[in-house]
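Two complexes, one shared chain (chain A), two partners (chain B, chain C).
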Partner chain A sequence: MVPSYMQGSTRRVGIMTDVHRRFLQLLMTHGVLEEWDVKRLQKHCYKVHDCNATVEKLEDFINNINSVLESLYIEIKKGVTEDDGRPIYALVNLATTSVSKMASDFAENELDLFRKALELIIDSETGFASSTNILNLVDQLKGKKMRKKEAEQVLQKFVQHKWLVEKEGEFTLHCRAILEMEQYIRETHPDAVKVCDLCHGLLIQGQSCETCGIKMHLPCVAKYFQSNSEPRCPHCNDYWPHEIPEVFDPEKEREAGISKSNKKPLRSRQH
Partner chain B sequence: MSEQSKDVCDPNFTAEPSNSEVYGSPGVPGGPSPPASQAATLAGPESPPLGPTDASLALPPSQAPSEEGDPKALQQAAEEGRAHQAPSAAQPSPTPPAPAQLVQKAHELMWYVLVKDQKRMIIWFPDMVKDVIGSYKKWCRSILRRTSLILARVFGLHLRLTSLHTMEFSLVKALEPEELDRVALSNRMPMTGLLLMILSLIYVKGRGARESAVWNVLRILGLRPWKKHSTFGDVRKLITEEFVQQNYLKYQRVPHVEPPEYEFFWGSRASREITKMQIMEFLARVFKKDPQAWPSRYREALEEARALREADPTAHCPRSSVSED
Partner chain C sequence: MLTLLSAKGGPRSLIHLPTSLLHLNIVIMPRGQKSKLRAREKRRQALEESQDLGLQRTTSTTTNAATVSYTRSNDGASNEEGPRSSQDPTATEPLHRSPLDEKVFILVYYLLYKYQMKEPITKADMLRNVIQNYRNHFHEILKRASDHLELIFGLDTRELDPYKHIYVLINKLEPNCDGRVSDGSSLPKSGLLMLVLGVIFMKDNCATEEQMWEVLNMMGIFAGRRHYIYGEPRKLLTQDLVKENYLEYRQVPNSNPPRYEFLWGPRAHAETSKMRVLEFVAKVHNTVPSAFPTWYEEALQDEEERARARAAARARTAAMASARSRAMAGVRSRATASSSSHP
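So, the complex of A and B:
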């Protein structure tokens, strides 16, 4: 079975081989993966099914798969984590909103809790909603009455399912949820939602200009102001008052990861 | 294509199964189905819907679970059920939906099954009908068939009816070689590691593992029953409730012991999905020993592997059921 992505072929749609099928299986199993995991995954799939073929460039590999997935209304989407700019990939469903997809796995009051948390997160300045503030809304939930103790566990369930992420008692959206739900969020909260001035993508966490109020993602800031000693707001030209983060460097990250994993072999990575 | 969701998304997202109404609304086309679409070309001639596939059919419990899986067995079940039941009161037969809508339903079902499998939840036929198929119940068989074809062709997965009795489906890999893909990434799914740890403890002991023994082992991983973990959350709840619900573990009270103590056993799903050889390989990896360091267990694993090969020599050649060019 030879993969053929023939240039100039009349078929616009790529061809699925076992390499791609296994890749999709594993990507689906893991939910969301970082770029270097995705590359290793790709190499693994080639090794298993087609050792002699040259491993295709990841971008082309994914575009080919996506051309097949297009008619199924799903897609391998690439995104970037808001806090440290790691490139991530997830298989997402475009046809339905992820929220209605969740509908079959969660009770009515649980879904409503998520919606309330989502609103708090979107409205917040930092992109985080405190556990206390979320739990204070349990009385307003639709459906069966939920106690605060129960709500705490439901929030943990959302964390386990990679919809929310918890940091020191505060919750924000998991990068996977942002990838899957961006469209839904923009449509259902058109006024409250924030957008990055640089990439125009949905913004939950970021930095803002204190003069004109525009916001930017941390990784967008990092890239825009890279090696700029006098960062200025792209909109109003006032001095950018925040610390400029580092651009994500996959090489540095991998070395750090290797030395970490030597110490703790059974530790699983976050994400 | 980004316009799709405008039609189907319910901004208030109530949890009621109003999904079926939203998706089934007649005015909504299935979206642009480009002629080159893989899924559409798999359609083939539309066979007439056959018999009620109502989930509430009382199937005779003595039915042996069919391992052929897929909608064919389900159709047989439906027909058998129909034979045992008087035909339901005359319902006006609704106009058949446009093929595009059936295709859309098949896509929704495909995603539903993939997500259920990802979350290690049971894929239950009545849930499929309630959550996805809804008012298209009558065309369930063709929807299921199309979904199976797509899953096989695009993902290399078999949607298999694993138990006719409980009407459970599962997604089985149809690619060879069958291997633990978990080894592809060193940061393997944490849940799997945790589960395998407990299963291998039970296996090595050769009988049920007391809860105290399990916690001794988990302590090595830094897990305690009272401490919340950043990845696992409430570990105790996970292993005594969730893994049990998913049929990976059994959690039972030890008889005749006071004060009450509990022990863990392998669940039916673990027995189905995980081989003893996989456990031996896991042990070898974790303890950096040769699997033969547990000689009697290794022997058992070898015997099981041989028995599996003899029982199903076609297990490694499932390609025959996948439609390939």
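So, the complex of A and C:
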């Protein structure tokens, strides 16, 4: 039986070898990976499954796989973490835009808890929703009644599965969730959703202009104002009052041997 | 927690989720009188309660164009090069998906998801959550999904138990080692390990070798007899999994002739929990964890302890962070003080 992706298609479809398959397996297991890890992963797969082949350029490698994944309405999507601009990759589901990936493993009331948390996060100024505020909504959940204590554990489960991230008692979306659900979020909250003025992507965390209110992602700000000693709002031209973050530099990161959990603090600009 | 794995009831069907982007059109709600929350809720429901299959993909290209432009402009803000979505908005053919085609790829997602969660897949689950009205086409849908999984992901679908119709995905590429890069932090896919941990848990956290084999024999797994999936089980349990710190295998104290017992290893404690293992066992028996009240209680207590440990760790981290920032503030203010004294 010829698989459907090889039938009657005039588009160029990539060839899958064990190198690509193993890469997909591992990427899928991790859910989301940073670019550096993705490159290591790619090299590992070549080493194990086709050590004589030349390692293909990452972009082509991924495009190749994506052309095969098209028939399943999945793709390897590239994004950037909102807080420090790290490039990340995740396998996302294109056909089902909502909480589909979660649905098999979570009960109705748990999914509803996630939706409530999501709403609070989107509506918040900072992109974070406090644990207290989320837990106060347990009475409104659909499905079986959930106690606050249970809800706390469910929230931890979301963190474990990389849907939410917790920082000091507050929750925001994991970068993987943003990649996976951006479309869904934009469709279900078209009025409340925030968008970056520079890249026009969905914005959960970012900086805003205090005069005109436009918002920008931290990595977008970093790039836009890089080596600009007098940063001004791209929209209203007013002085940009916030600290400008550094542009993410993978080389510097690796040399300094900084572990992932120990992020560099924002450096203030030199006056 | 109670309803985490309820095999019965609960509309957790994947079909209740948007299976086609066509329904985005229904999503545009009239503004005005409707409260924001109600409008949102309706939008989400319209997206998620769609059961209409056999939809064309034409409309989805419009949305995908939007998706692509988001991706592209994101790339613009971050890196210049970068893999773009392969969904080409200028692609002209509307891929007509038959309802059966849709079932196939939904089943693919479902199987992949179960694989990642290291949960067994029962035929009953597949029928209820995915196949639904197409029960008569179960084998065809499963076969096509399995072919995709084999060709694209290198995963083999095997029927683990032909009586209970339990399936499992085997990694063809790395049959012994799964889901690990260099910092291996996930359990081997072997459902056998979960079973073994379950046996140990249910025998009061320590199972003798006799007890262990009694249970495994019932599942058709025998010491010394090479299993078509797990290989030789005795070596796996007493050597491989011990070496990887998933299991502890030790002599029963004061036993003569020496007898042996199994306990959870430190890695099992780190990578999974009593509740997850109980969920696995419940699933295999097509029931829920609360059907085993004593073990369920113990698992709940374990969850609470873990939550307390996490909270304590968070508090420690927060304390360290604020201590550090206070120290930094001290350094900075001293620096400014000293610099300002040198005009």
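We take it that the second predicted complex is superposed on the first by the 242 of 271 C-alpha atoms of A that agree within 3 Å, B and C clash if a C-alpha of one lies under 4 Å from a C-alpha of the other, contacts with A are read in each partner's own complex, and residues count from 1 in each chain.
Throughout what follows, a residue touches a chain if its C-beta (ideal position, glycine included) is under 8 Å from a C-beta of that chain, and two chains touch if they have at least 3 such contacts.
All figures in this text were calculated on a predicted structure; none of them were measured in a lab.
Undergrad: After lining both complexes up on chain A, report clash or fit for chain B versus chain C.
TA: Partners clash after overlay.
Undergrad: A:Leu72 contacts which: chain B (first), chain C (second), both, neither?
TA: In the superposition, A:Leu72 contacts both chain B and chain C.
Undergrad: I'd like to know which partner A:Glu243 touches here: chain B for first, chain C for second, both or neither.
TA: After superposition on chain A, A:Glu243 lies in contact with neither partner.
Undergrad: Applying the touch criterion given at the start, work out whether A:Gln160 contacts chain B, chain C, both or neither, answering first, second, both or neither.
TA: first
Undergrad: After the superposition on A, what does A:His200 contact: first (chain B), second (chain C), both or neither?
TA: second
Undergrad: Counting touched residues of chain A, say whether chain B or chain C comes out ahead.
TA: Here the partner covering more residues of chain A is C.
Undergrad: Where does A:Asp139 make contact in the superposed view: on chain B (first), on chain C (second), on both, or on neither?
TA: Neither chain B nor chain C is touched by A:Asp139.
Undergrad: Based on the superposed arrangement, let me know which partner A:Glu182 touches: chain B (first), chain C (second), both, or neither?
TA: So A:Glu182 only meets chain C here.
Undergrad: Check the residue A:Met16 against both partner chains and state whether it touches chain B (first), chain C (second), both, or neither.
TA: both
Undergrad: Which residues form the common part of the chain A surface touched by chain B and by chain C?
TA: 11, 16, 18, 21-22, 24-26, 28-30, 37, 40-41, 44, 48-49, 68-74, 93-97, 99-101, 103-108, 110, 115, 143, 153, 156, 183-184, 187-188
Undergrad: Which residues of chain C touch chain A in their complex?
TA: 1-4, 6, 10-12, 14, 16-21, 24, 27, 36, 40, 43-44, 47-48, 63-64, 66-67, 69-71, 73-79, 81-87, 91, 101-102, 105-106, 108-110, 112-114, 116-117, 129, 147-148, 151-155, 171, 173-174, 178-179, 181-182, 186, 303, 307, 310, 314, 318
Undergrad: Can you list the residues on chain A that touch chain C in the complex?
TA: Against chain C, the touching part of chain A is residues 1, 3-4, 11, 16, 18, 21-22, 24-26, 28-30, 37, 40-41, 44, 48-49, 58-59, 62-63, 66-80, 85, 87, 93-101, 103-110, 115, 119, 143-144, 150, 152-154, 156, 166, 168-169, 182-184, 187-189, 191-192, 196, 198-202, 217, 219-220, 223-224.
Undergrad: What residues on chain B touch chain A, complex-wise?
TA: 1-2, 4-6, 8-11, 13-16, 19, 22, 31, 33-34, 36-40, 104, 107-108, 110-112, 114-115, 117-119, 121, 127, 131-132, 150, 153-157, 173, 175, 177, 179, 181, 184-190, 193, 221, 228, 230-234, 237, 286
Undergrad: Quick check on the complex: what are the chain A residues that touch chain B?
TA: 11-13, 16, 18, 21-22, 24-26, 28-31, 37, 40-41, 44, 48-49, 68-74, 93-97, 99-101, 103-108, 110-111, 115, 142-143, 153, 156-157, 159-161, 183-184, 187-188, 261, 266, 268-270
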